[in-house]
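Consider the two complexes below, in which chain A is the common component and chain B and chain C are the respective partners.
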Partner chain A sequence: MKKLTSFAAAAVMAITAGAASAEGLSTPNLSYRTGPFAATGIPLMNGQRDYMLMLNARDGGIGGVPVDFSECETGYSTEKGVECYEATKGDAIVTQPWSTGITLQVLPKTNVDEIPILAPGYGFSPMADGSVFNWAFNMPGSYWDAASMILNEISGNDLSTLSGQKIAFLHLDHPFGKEPLPFLENMAEEHGFELLPIPVGLKEMQNQSAQWLQIRRERPDYVVMWGWGAMNAGALTEAVKTRYPMDQFLGVWWSGHDGDMEALGEAGTGYRSISYSAPQPDAQVMADIREYVFDKGDSLATESELDWVFYQRGLVISAMLAEGIKTAQDHFGEGEITASQLRWGLENINLTDERLAEMGMTGMVAPFSTSCSNHTGHAGGWMLQWNGSEWEVASDHLMPDSEAIRPLEVAAAAEYAEANAPWPIADCE
Partner chain B sequence: MEFLKKLFVDPFVEMVSYPDFLMQVLWEGLVSGVLYSLIALGFVLIFRSSRIFNFAQGIMVVFAALTLVGFHAMGIPAWVSVIFTLGVMALLAITIERVVLRPLVGQPDIILFMATIGITLFLIGGGELIFGGETKRMITSDLGIPTGSVDFEPFGGLLILQHLDITSVAAAVVLVTGLLIFLNKTRMGRAIRALGDDHQAALSVGISLRTVWVLVWFIAGVIALMTGIFWGARAGVSFALEVIAYKALPVLMLGGLESITGAIVGGLAIGLLEKLFEIYWGQPLLGGGTETWFAFVLALIVLLFRPQGLFGEKIIERV
Partner chain C sequence: MFYNTAGQFKTSYTKDQSLFPVKQDAILLGVVLLCAWIIFPMTASEFTFKTMLMPVLCYSLAALGLNVLTGFAGQLSLGTAAFMGVGAFACYKLITIFPEMNIIVAILLSGVFSSAVGVAFGLPSLRIKGFYLAIATLAAQFFLVWLFEKWHWLSNHNPSGAIEVPNIDMFGITVAGPNAAPVTQYYLILAIVTLITIVTINLTRGNQGRIWKATRDMDIAAELIGINLLKSKLTAFAVSSYIVGVAGALFVFLNLGAAEPNFFDIPLSFKILFIAIIGGLGSVMGNFMGAILIVALPVVIKFLPDAIGLEINPATVEHLNIMTVGALIIFFLIIEPHGLARLWQLIREKLIIWPFPH
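Presenting the complex of A and B:
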């Protein structure tokens, strides 16, 4: 019955999104609780929503101003996402597009509308270059960061050891899946390993036998997965079926969903997923979520979901947005900040260990700071490993290879600006 | 020259050099093909009896699988849940006939097609409201469906057959055989075929359109449940299952919308050919991902020569 009520609430929320918003800081979320990607979207959206509800209930919002956290349902469809952006941008101080495809579509629009895009850990990796992408933020890490950390992990931090090896790149045939390809191709050329891109079409997500027959034939040393939604469960099932060694199979942070792994159980033991967030069930913020939201029956999440990686990542995502808002409020001395003031706030986040402790989120995300020229923060992350029943943090804190990534980011950003000229360039000096 | 070698020589050399791998490819193609045939059969049965292209077939797979898992989650034993789910699919068939189809009798085909889009949206919304959007685990072992695999070593190689795949092929064969017997040997089955052959003539001899419609929608529901069980057992039950219905579209184009034989042969042909093409030509020459378009191109080629599909009826309209 709770589920029915929850989804009725979610439906009403989706229907009302886009209508005149309530008072407060309008932070619309272009969510997807329906469609083929709903299973992975729901816990993330629940975490985001619960954090904002908790701030409203505990602190009266941010800086005393309540947060108006509405959702507009996209179903992960780029077309619907653009419609949602247009419908919610009116009084929004931020847009959260929740898909690389939607992010790429609204990127030029946000320049005109002057609304910051917050795409934590997704979107276009060169968005890191804030001088070109003035309004776009993808902290605390980009896809190129994730790919770099995965390569560091499998090479023991010495990429020259990958020379002569073969790495299969199993990816969703979608802008999201193709995003890390330029970086991986560059690394393959530089370090002498063979990169084998294997696309998975949307209609093949649940039947990847052809892709895994290719993996069986090619015998790659590692399989790196850029999967989302039903593709993850499909790939993991086929990996078990093909008897591919799980400890040679790694995924991006969107390919590490508890729901998928629970269905696989023991068979998935050894699979690893890079993650910019780490679940901390005993963190103070979790106690606050329970006290101010969950126990009051205001959450759409289930009890078991609260400890999931994706739910707690949702909390981290809203916490980063809240920190950007707070930074702007403190700087401008105003509670009801504007979108351009939030942009300043997001460009000046300084999330230290001390600040994370104050927020009750120690260990949930690594400390990082942003600047005018650095919109990603490059916080690094951890390698999570499935032990048969839950995720465990299986590495020390990992960092991407910024020396290799930065020149590529700058070059790709410049190329984008040139292709979309005239494109405003900010002076970050 | 190198390209021609890759096109005409290398694939066949590889097939001969690694016959065990070829057998694995054929087996995977067969498993996919059987499931494509099943979905296509759901479309064909409804089209034959009512000239309706049922856009809702894909979401019916999701709805049936979610209902089954939902009943089981309430503590109902697996096989009782199957019976309850069949009851729900029967209720759905009756409701669709009463509420959607009956008021639209005599309307143009496109109106009925649009109505099935409405049914799709209703089932998506209703399904998400009742069951939620999270992936559910199919109750494979509770249904007694074996998991694990059996290995063979043909020609010194390795052929892995999943028990689940063997069971799904066997179950599909039983279901299709049962359907063929029903359609050919029973009174109701003949009524369905008669409606497909000539609507007016069938009605004139007293065949009840309403009863037949309820029956074919129920049979489509049974097929949807079975498809949902076996596809859901592979990667979980979620709304992503809906997209597999689109795999049946080229099967229908290839086999013909009215032909049960066409659905079966078309499904098997596409399953086998798309897998062979992807592995031996698509991946080495085109970087893979050919399964998304290969079946449609194949169907298009067939349509150029046989617009009614391989087994479809050639319609001659006199003016």
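Presenting the complex of A and C:
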């Protein structure tokens, strides 16, 4: 009995201690280090985590307040994502859902719970319209931005040259993969190219022979891929097998994973992936990560992973969040900001070249600024090309065709608000 | 001692056939219902509502539906998730086409659609049995999920193909959608689950239940004593798919708030089948016990280390979780292959003669 009492006392103490340790800025991440997408998730999660750890070790957090960067494992499952959201939202100032499916579920709740969603380069493209999606942010670019930049690159910035051409759109049959379809369909109609959507079911990710048979038969001028996890490796292997020319094969920013390409090696030479981030192994921030996190053994990443596109993108994602926190702290004059103060901060980010240089991240992401009506920032990006052993930047800085995208965003956002009425709409004037 | 039945005399046949011939059973159920209806809602946090109480109820209901078909009528089915999907998509269409419709009416009506689809896919059961029937229902699983993905009318041409639940009011209270309070949603789910469970208990104890059990135990013998197998099997498919469809609609509309077609894929079917098997085939109570083990326990394990202040890598916790739940499933199936409900039965029988076993 005595033992039991002391155990109970220890448990109670542990619980209170657990609650006390959760001080500082709570920025939970709904990670997926398990499940079918783990291979692509792990470097991203590591990058995000290491950047925050580095800030804590180097600067004592942001504005002197330590960042409590906790992870909640979802395995990319929507159901577990909602569990994690509910579990972490208590003292969180931001939620990072990490899957279009989870984003769609959490999106309507954030208006009620008043917690900003940070979905850098994923989620629902119309989230750019900040007047409708008050609490959602997807800077530095949306999927529609990515699709637009890919079209700009292959057409040499003149979409009319695509007229009469055939573009296959190989995508995961999941909310994520379907996201750019409305934009691409619109562009196909306007500029007279033929769009051939080829869905890949979640169960067929590793074996895409049927899809590539169709590609071989249809002979598209370009294959644009919206793939994730095991689907990317599957598609690239099939492309090599069917001898589809790699320089006509392009992917979204989640389809440029070093691990997949290293497995292909030389055979993958020429494959391009659009990216809003560019790896800069010599950047100051990398030196800091090594000094304050990696060399101390605090990182979960491996040595070779540090130069990967995905790892460095993870750094960029956390850096944007940190910038939002800093903006809010400066504006409100408080260290421990609340969720709604962070919302203001994320909405007023002004990431200039000078600021990037100050952060030691020159060239890792393009400068951008957000505003009430523009929650995406539309920073643009670069085309990364696989040279057989690593990714290299193979284009000038590309910009999406915002003039074409904006009306679509506004229309889709309005439709969403109408379907979810009563939906609060902010006045951005 | 606690379960002493001495002194509980039955003086009429009606009393002897009552739902609870042993008084303690009724008291125990009363306590469970008291917890579910009063104590949990008063004490639970939003997190508990959203991740444990409501999913457990929805999964229990789905497993109950499957149990009618597999446990009582003996027809193995692997298409449960697809029938849940039919219920959810039907409810979504009903709500969007008739926005004035009461949500409860819509949910109960959506079961009719999945019931019809279930009967259609149940037709092969007249010719094939056992594993072969399981394969036929697997066809339903693949076909229906494919249909949810390809037939965009079902999701009102939503570009992501997902259904999103709008805010729905009932008598001035928001009951579904992001603005709804979890406690209202919980009560709605609980009311529907309680109602359907009572109906199912009576159904399985009555004439229809006996017809199903006869079909399950030996269909030739059943046919010889005058049971119409066509009717028996198809009613089982109809009732089962109805309950499963309602469970799907409840789950998406009152708990999840949104669902993409892939959600209704085969892993969900397996999850529900596991709940039914581990809970106990041919039992009503087992579904609830199985759902607690398969649905609520992983959530507890997942958030326990954090709650007691242990710093474990969340991915490791996830792996530990899978291992623990898997080990528990094997453990329970080894000590009692007939499921948790049977385990409880044995414990109860032992308790009745305790402390003087003969």
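One rule holds for everything that comes next: the second predicted complex is superposed on the first by the 408 of 429 C-alpha atoms of A that agree within 3 Å, B and C clash if a C-alpha of one lies under 4 Å from a C-alpha of the other, contacts with A are read in each partner's own complex, and residues count from 1 in each chain.
Here is the rule we go by: a contact is a pair of C-beta atoms (placed from the backbone, for glycine too) under 8 Å apart; a residue touches a chain by one contact, two chains touch by 3 or more.
As the structure is a computational prediction, the values presented were derived from the model and not from experiment.
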Combined model on chain A where chain B meets chain C, clash or fit: clash
First, second, both or neither for A:Lys241, with chain B first and chain C second: first
First, second, both or neither for A:Pro367, with chain B first and chain C second: neither
Contacts of A:Asn420 with chain B and chain C, given as first, second, both or neither: second
First (chain B), second (chain C), both or neither touched by A:Arg33: both
Which superposed partner A:Asp173 touches (first chain B, second chain C, both, neither): both
Which of chain B and chain C A:Leu202 touches, first, second, both or neither: both
Which superposed partner A:Gly335 touches (first chain B, second chain C, both, neither): neither
Partner chain in contact with A:Leu181 - chain B first, chain C second, else both or neither: second
Chain B versus chain C as contact partner of A:Gly259, first or second or both or neither: first
Identified clashing stretch of chain C versus chain B [55-63, 109-117, 199-207 or 325-333]: 325-333
Common ground on chain A, meaning residues reached by chain C in one complex and by chain B in the other: 11, 33-34, 173, 199, 201-203
Sites on chain C touched by chain A in the complex: 46-47, 50-51, 55, 149, 156, 159-162, 164, 166-167, 177-179, 256-260, 262-263, 265, 299, 302-303, 306-310, 313-315, 317-319
Touching residues (chain side chain A, partner chain C) in the complex: 11, 14-15, 17-18, 21, 31, 33-34, 70-73, 75, 78-79, 82-83, 86-87, 100-101, 104-105, 108-109, 111-112, 124, 173-175, 178-179, 181-182, 199, 201-203, 300, 412, 419-422
Residues of chain A defined as touching chain B within the complex: 3-4, 6-8, 11, 33-39, 41-42, 173, 197-207, 209-211, 213-214, 216-217, 229-230, 233-234, 237, 241-243, 259-260, 262-263
Chain B residues touching chain A - in the complex, by the definition given at the top: 21, 24-25, 28, 31-32, 124-125, 128-135, 137, 149, 160, 162, 231, 234-236, 238-244, 246-247, 274-275, 278-279, 283, 287-289, 291-292
